Each structure stands twice: as C-alpha cells, then as structure tokens.
Amino acid sequence: MATLDDVVAWLRDLAGTMKEHAAELTELDSAIGDADHGTNMARGTAAVAALLDESYDDAAALLKKAGMTLVSTVGGASGPLYGTFFLRMAGPLAGKEQIEAADLGAALRAGVEGIQQRGKAEAGDKTMYDAWAPALEAYDEAVSGGQDVGGSLRAAAEAAAEGRDGTEPLVARKGRASYLGDRSAGHLDPGAASTTLLLESAARTLG
Amino acid sequence: MWDMKKLINDPEDVVVEALRGMAAAHPDHLRVDLEKKVIYRKDAPVRGKVGLVSGGGSGHEPMHGGFVGLGMLDAACAGEVFTSPVPDQMMAATTAVDGGAGVLHIVKNYTGDVMNFEMAAEMADADSGIQVRTVVTNDDVAVKDSLYTAGRRGVGVTVLLEKIVGAAAEQGRPLEEIADLATKVNESGRSMGLALTSCTVPSAGKPTFELGDDEFELGIGIHGEPGRERRPMASARELAQQLVEPILEDLPRKDGQPVLAFVNGMGGTPLIEQYLMFNEVQTILAKADIQVARSLVGNYITSLEMAGLSVTLLTLDDDLIGLWDAPVNTPGLRWGA
Amino acid sequence: MWDMKKLINDPEDVVVEALRGMAAAHPDHLRVDLEKKVIYRKDAPVRGKVGLVSGGGSGHEPMHGGFVGLGMLDAACAGEVFTSPVPDQMMAATTAVDGGAGVLHIVKNYTGDVMNFEMAAEMADADSGIQVRTVVTNDDVAVKDSLYTAGRRGVGVTVLLEKIVGAAAEQGRPLEEIADLATKVNESGRSMGLALTSCTVPSAGKPTFELGDDEFELGIGIHGEPGRERRPMASARELAQQLVEPILEDLPRKDGQPVLAFVNGMGGTPLIEQYLMFNEVQTILAKADIQVARSLVGNYITSLEMAGLSVTLLTLDDDLIGLWDAPVNTPGLRWGA
Amino acid sequence: MATLDDVVAWLRDLAGTMKEHAAELTELDSAIGDADHGTNMARGTAAVAALLDESYDDAAALLKKAGMTLVSTVGGASGPLYGTFFLRMAGPLAGKEQIEAADLGAALRAGVEGIQQRGKAEAGDKTMYDAWAPALEAYDEAVSGGQDVGGSLRAAAEAAAEGRDGTEPLVARKGRASYLGDRSAGHLDPGAASTTLLLESAARTLG
C-alpha cells in the first residue's frame, strides 16, 4: 500500500537518482545516440522535484502534473514517452488515497500502454519498452503471488534490469539508434537503463 | 577547471544565452521569446499568410532560428542542444504566428521531434482550432531499411524546403497548397553526409565518439551520432563519389530535369574545403549529364563543431526555381531583399 | 595513406580546385581566372568606378574571394594557403578592373602581403599608368610595441572596410576620397582574437601548434600562428572581457558615438557559440554605455578549421552607417540586392 | 671561377635542396610563423629549376629570370626577398662569361642590399638577414685572403650557419615572428635556415 506521501518521496528520489546517473546515461547515449539522455532525464526530473512542495488532492493529481512537466521540460524522444507514462498512470489512481498493489499494477499498465501508443515500439526493438514489458509481467505475477507494493516493484525492477541487459545484443529498430544499423548491437539501450532506474527508485520509496 | 574547448558559460545556459545573442544581433529581423525559447519573425503574425513553424534541437545553427524572416519561417522553436523542443514551445509558436490562414509545422524525421510536434498539433487543434498541417522531412539516403528503422532522417532538404515553401507562403498560397508543396519538395530531394570528427555536446563535455586519424564516418545524421559505417579516409574526389552515388541512385528525377546542388558544412569544415568539394560534386553531375541550375555552399545545417560535410540534391522544376529565387531576408539566408 | 582530416585531393591543388568550386557555385556573381588565381566581379571593369582589389593567402574564406561583387570588391587575388599572392596576380587584377577611375589596393599588414602589393603597385605604375592607391589595414591590438614588430596586423576591420569602401566606390566617389575613406575606416576600428585550437595547413599536414585542453591562445592572427600569450581556458564571459577590454582601451571613439560590433568565427567555432559570445560582448558594451548600432556575427575572416573567435569594434558616423547599409551582393555578404 | 653552367647546376641543386628540407623549414615556421616557408621555397625553386632547359646569354640573364620567377611563384615574405636577391645579383654579373670570386662577391652584396631595401631588417631582427650579413663579411674576407669562389662560398655558408644559429635566442622584430613577442625566442628563424641552405648549395656547385 502506498500513499500520496510515498509518491512524493518517489519523485524526489527519482530526481536524485537521475542526477546521480546522468553521466552514465549520457555515456550510453553517446555510443548509439546523441549524448543527451542523462541530461534530458536529469533536467526533467529536477523540474518534477520542484513541484513537490505544493499540495495535491491525491497521487493521481501529482502524477498528472509530473507527466505534463516531463512533456514540457525533457524534449527528445524520452520526453513525450515518460511524460505520457506519468499522465496515463494517473487514470487508474484517480481519487484513491490508498494505492494497493493491484491499483499500482493497473496504473503501470496504463502508463506503458501510453508509451507503446506514442512510440509504437515492439519487444526486441531495443527501446525502453524492452525493460517495461518484462517489468509489467513480473509485477503482475508478484501481485498474483500475494506480494505487496514494495515486493512487486522489486520484482518489476529486477525484471527491468534483465530486460535492459537483454537489449545489449539487439539491433535497434526504433529511435535514433536504429540509424546505426548493425553497429547498434553490443550496447545497452539508454532508455531501458533509465526505466530500470525509475523502477528501482519506485521500489525503494513506494514500499 | 575549464577543460572544454567551448565558448560557453554554464552548459545549462548555452541555448538561452545564444538566443540572447541572436536577439541582440538581429533586432530588425527577429523577436525572441527567451522564456519559451522561440524565435519569431519581427512582424509575425502576417495577416492572411500561412504561418511556417519549425524547430528542433539546438546546435544546428543557423538552422532553424537563422531562417526566420521574410520569405522563410515565421517561428523557430529551439530545443536544448540536440534535443527536440517540447510541445509547449510549438503551441506558443503556432498561436503566435497564425495569421488566420493556418500553420505548417516543418518537422525533421527524428522520433523525438515527430512525437513532440505530434503532441503540439493535437493540443493546438483541441485548444485553439488553428488549422495545422505537418510535413516531416526525411531525405537522408544513409538510412536504407526504413522498415527496420525510425525511417530516413530529415537533413539538408529541410533548409531548401523552408526557403521554397517560405516563398510560396509569402505569395499567399493557401495551407493545403503549401502542405502539398512541402511534401513535393521533401520527396524531390535526397541527402548524404560524412563526418571527419565528432562533436562535443556541452552538457556531455567530451566528444560523442572517437574516430581514428585515417577514417571517417559515412552516413551520419546531424546530432553528432556515429554514422552508418566507418570507412578509410580518402581523397575529396573519392569522398564526393561516396556521397553523390547513393543520392543519385535514389533521387526521383527525369532525364533533363535540372537540380539544385547543396554542399553543406557540418560546422568545423572550412569553406575552402566546401568549395573544393562542390567542385567535385559538380564534376560528377556534369559527367552524369545533370545540370546544376542552382546551388548553395556553406554551413547551413550543422552539428556544432563537427568537421564534415553533406550533399543534398533537389530535383527542380520552374515553380521550384522561381520560389528559390524569390526574395528572402533572414539572418542565415538572404537575397533580393 | 590518408591521415589528414581534410576534404582535399593533393595539397598542391587545394587553392585552384576551391576556385573551380567557387566559379561553379557563383556563375552569376563571379568570373575566375584559374591560371592567375584571381576572382573577378562578373561585370568588371565597371566604367567610371574606382576598382577595388584585395587579396591575401587562402584559408581565410569567405575573405577575400567571397567579398567580390556589387558593392564590395572588383577582384581578389588568392595566394596559396596562408601565403600572400604574388605581384603578377595583383597586376593582372589591377589592369582588369580599372574602369578609368583608378584602383585601390586593400592590403592586410603582413610583411609578405605588403611587399608583394608594393612590387605590384610599382610595376602597375611603370607599365600601365593606372592610378593605384593602397590602404594597409592594421587593426589588431594584440600587437602592441609596433616599433619592435612588423606593426599591427590587419584582421577583422578588413572585412568591414571592404564593405564600406565598396559601397562608396559604387556611389562613384573618386579615388582620392575612396583612399581617404579607407584610411579612416582602418583607423576607426580595432580587433582582438583568440584560438581554442590550432589549424592544419594542408601542405604541412599537421597542426601548426599544440594547445592543452585547459588553455587558449590570446592575441592570435589569422594564419594559425600562435598568439601573443597562452592563458588558462575560462568562461565565455571572461574571454569576452579579455577580448573587448584591450580593444576599448585603444579604440578611437568619442562619447556617444555608436559602434559596429563584429563577432567573427575563425572557422571551427559553431555559430551557437558565436552568438553566445556576441551576447557577452553586447553586455560589456551596454555596461560601458556604448551603443551597438550595427552588428555582424559569423565566419567571415577565418583560419581554416581553427576554433576561435575575434571581436572587432568600429566607431561609426552617419556616413559609415549609410555605406554599411547600402546594397551588397557577394557570395559572402549580401543584402538589399 | 664560375660559369653559366655552374649557375645552372647551382639552381638545380637548390631546387633539390629545398625540396629535401621543405618539411624541416616548415617545421621551423610552425613554431614562430605560419607553417609555409618550406612549401614556399620548394615551390619557387622548383619553378626556377623548370627554367634550366632553356638557354641563356649569360649567368646574369638566368639569375634575372630566376629572380622574376621567384617573385611570381613564392609569395609571402620570402618571395619578394629572395626574388629581389636574384634580380639584384644579376647586375654586377651582366656580360660576364667567367665569374671570378670578386664578381660573385659584388653580386652577393647587391643581392643582400636588395633584401635590406625590401625588408628593412637590421642585424638582430631575427630574419634571414642575420644569416646574410655575416655570410657576406666572411665571403669578402676569404676573397681578400686569396680564396677562390668555392672556398669563399664555403666560408660564407659556414658564417651563415653561425648566423642562423645565432637567431635562436633572439626576439623577432621583423616579419610574422615579431607578433609572438618574447615567445619568438628559443627558435631558429626559418629564413635564416633557408639562406644557409642556399649558400651551402652554392658552395657545392659554384666551386
């Protein structure tokens, strides 16, 4: 079970996480992209952190605001994708003061569907979706197995990390890395790495 | 403390400080919204004229901000370096330049640019009812298997399109016609680029990739990303061949149709080498019996300080030639005015 | 085999091949004598107009060849890279552009340029009786003890002078007046430059000097030579200060007189950084209560692919402003035409 | 005693010498100039070598042609200076079929006066004149001591080499190196180096 306060803690932790890992994400993006993913994520999540002193009706309202903020501060491919993710997460959580594991599952699923709709990536395209898809599955399985929010998120984060590592041999078919053709193989996808960080941050804070 | 060879203060402030400089240097041409990072034509909105909005990551100067003015763009949205701008910027620009005849969004085909402009067009439509049409440029022949990629990138043709469509808008042509013309220009042009060096994104602080002294990247985009292939360095003659051949293979053109030949420096290649390369390109085209009716040589769509060059060929007809020759008055491209 | 990051064929052919490219790219503006390596205004000689001839080593493009055309130069002599042209070229140019009103030689103050133009002027006078006057530009404040040196170098002011004096010649002013105006412009302007990297002369094949990642050269010329002093790299704000301060100390200017501010890229510095630096320069001038009435930002007098920048300030009066604004139609500088 | 044929041999040797030492001269010019002196000299002397298959009335005619050719092919500072040197050398040799040591001395002096008039350099300015001045003196002294053309030129070349080496500590006051201020110290002057090569070539061929 998670509350608005937990979500606040999550988004604050997320900004710190992205700042801490910015150079690393940019380094990944240098290899098969344009060397800005870490800067983009750090800028956007810092803008979100600046929203956290205001008060919100519920987690849904905060997540919506966070999504809009990401859309208007990140730019690039990741801005609309992560922005849409948070905007869509808000739907299933509207009006809920207590977020149960199943609620969060529905929110995550809605968010990831948003990413898919925007980006049209499929599994194996070497994008953030390759971290999201197994994470969703692992989350649901954990919930079915009776795990709480924290446990389910830990399972999701672990699956995301595996998905991220699985992008390494892939040849990209979406996003900027796809221009590299075969040369994109042998590198982790930066977006899959930031997705993993996002879920690890959630597991730490929404427990 | 300073170990980056860049004339900047804080990497975070590069874009806004450069915009300040643009505003100060071109007070007669431009009005700059520093908060939204949008560069406007001084007299926008122009009543009854279709508004032209483009934008993209910064670091490609003079594109797009340098192409704002009479006969070209009405507004350009500046993103962070190599990062597409955000929907807020495009919506602000769209609203500000609409002179009642609708607005064309000129978008280079990169996932980020396309998605952000898409969101902006959705929102503009919902919010304001302004008619928005979009053209996505994708002229880069380096990207071949467009089924297995994000599709061909938008590169050099974007500059030519902004000029040609800008002239048509200035004539008062309606939005549908403008959008069709934009599509036609995009479909009539092809580009290919190479890099001799990488470039350094200010916030990253070091070159995006490393390249040996005896090799170059063929088939690059404009974001300092590595190209399709690394090849051994060769003479200007051979390099020109490697750029022009794949373009000609793919360029829609009937016998006898003239072309516009555009040799573009990526930012760090001296003009003397660009002219030398233009000579090679012109020689190849002459051998293929292709008349170069118009040309452009210089740094127009760049990747920061990258050394390199792209070639764009655009098949011309009388309408396009007339529109190319029409007056233009922007910081980056100017004639007849 | 190829280990030089240059788009060239044989280092020996760089200049002539680039001239071929210029000729091909600007058939409406230029006529190029490839043998003598002289670039002519298409319609030279212009009857009754004072002819303007400049020239210098190549590698500074667009200067001077890119400044040939209506309202600027009638001819430009292209030397080898960083090597002044020879008297034969200047004599040929002088003869070809004389429209009966005499010819002004615009010479940058470098020993080689001065001596070669001197010999040409002597010969032109002896051979043809064409009236030749010479202005030697020497605006570089980096060179201080001109008694113990070859004197201040001619840099950025040369571009401004060619534009302004070109406009005056177009108006039909006589040679004496043109020569006096040229002297006045030269005396009203001052420049200072810095380099973040060296450049590679094609025939030398490697960078002229090496510079650490955390330092820059202050007080450079335009030939890739090291500067007056090596200093620790700093922010754009501090660098702008280091350029503008010595200029202001030396610039002849009365209170209230406006200036033209010219921020010039050396060839390898992206436009975004040039605009950012223009913002810094403008801020310093505003604080000193100096009005920037006109400005120019871009690569106009370059040193191949050198990363760096120079600032030129020119004190203006109404005559100079009018001449600056007058139409110009050259490959490198164009407005009102 | 030297003849037209010897002068032809000299100019041919000179072109070879400059080609051979071009990189070295350009290297010197990189340190305190603009990295073109070797290329300039190689280009100019190669153009002179191309004149050698034609026939000439006397050495004076050939030297005059060589001077004009240098003026119109070298450019930079060295073009007018070396060009003037050869043009002026021709004067004292006009009409002479046999060039005695004293004749050549007069020719060298006229040539060096030409360099001084054009360039206005004085001793110690760190230019080619710092090689020429001691060379002239040594040449005249050798002639006074009864040396022939070859011996006198060898003495001149040695003195030039000393003069060249003597430019190292100097702060330049003429030419491009003067812009460097104190930083010009610690490097040989490229023009003094090419002058030494020119005299060594003469000593080898006009003997």
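When the chains are written out, they are named A, B, C and D in that same order, and each has its own residue count from 1.
Operating definition for what follows: contacts are C-beta pairs under 8 Å (C-beta built on N, C-alpha and C of every residue); 3 or more make two chains touch, one makes a residue touch a chain.
A quick note: this is a predicted structure, and the numbers were derived from the prediction, not measured.
Trainee: Between chain B and chain D, how many steps is the shortest route if every step has to go to a touching chain?
Mentor: Step count on the best path from chain B to chain D: 2.
Trainee: Please work out the Cα centroid separation of chain A and chain D, and write it as a whole number of Å.
Mentor: About 74 Å separates the centre of chain A from that of chain D.
Trainee: Using mean CA coordinates as chain centres, what's the gap between chain A and chain B in Å?
Mentor: Taking the average C-alpha coordinate of chain A and of chain B, the gap between them is 32 Å.
Trainee: So what's the Cα centroid distance for chain A and chain C, whole Å?
Mentor: 54
Trainee: Would you please write down the residue numbers of chain C that are in contact with two or more other chains?
Mentor: In chain C, the residues touching two or more other chains are 81.
Trainee: So that we know how the chains sit together, what is the shape of their touch graph: line, ring, star, complete or other?
Mentor: line
Trainee: How do the chains pair up in terms of touching? List each pair.
Mentor: A-B, B-C, C-D
Trainee: Give every residue of chain A touching chain B within the complex, in rising order.
Mentor: The touching residues are 26, 30-36, 39-40, 43, 71-81, 118-119, 171-176, 178-181, 183.
Trainee: For chain B, which residues count as touching chain C in their complex?
Mentor: 1-9, 14-15, 17-22, 24-25, 58-59, 61-62, 66, 81, 196-197, 213-214, 216, 232-237, 239, 263, 267-280, 282, 292, 295-297, 299, 302, 304-305, 307, 309, 329, 334-337
Trainee: Applying the document's contact rule, which stretches of chain C touch chain D when the two form their complex?
Mentor: Those residues of chain C that touch chain D are 57, 79-88, 110-112, 115-116, 118-119, 142-145, 148-150, 153, 201, 203-204, 208-209, 219, 221, 223-226, 228-229.
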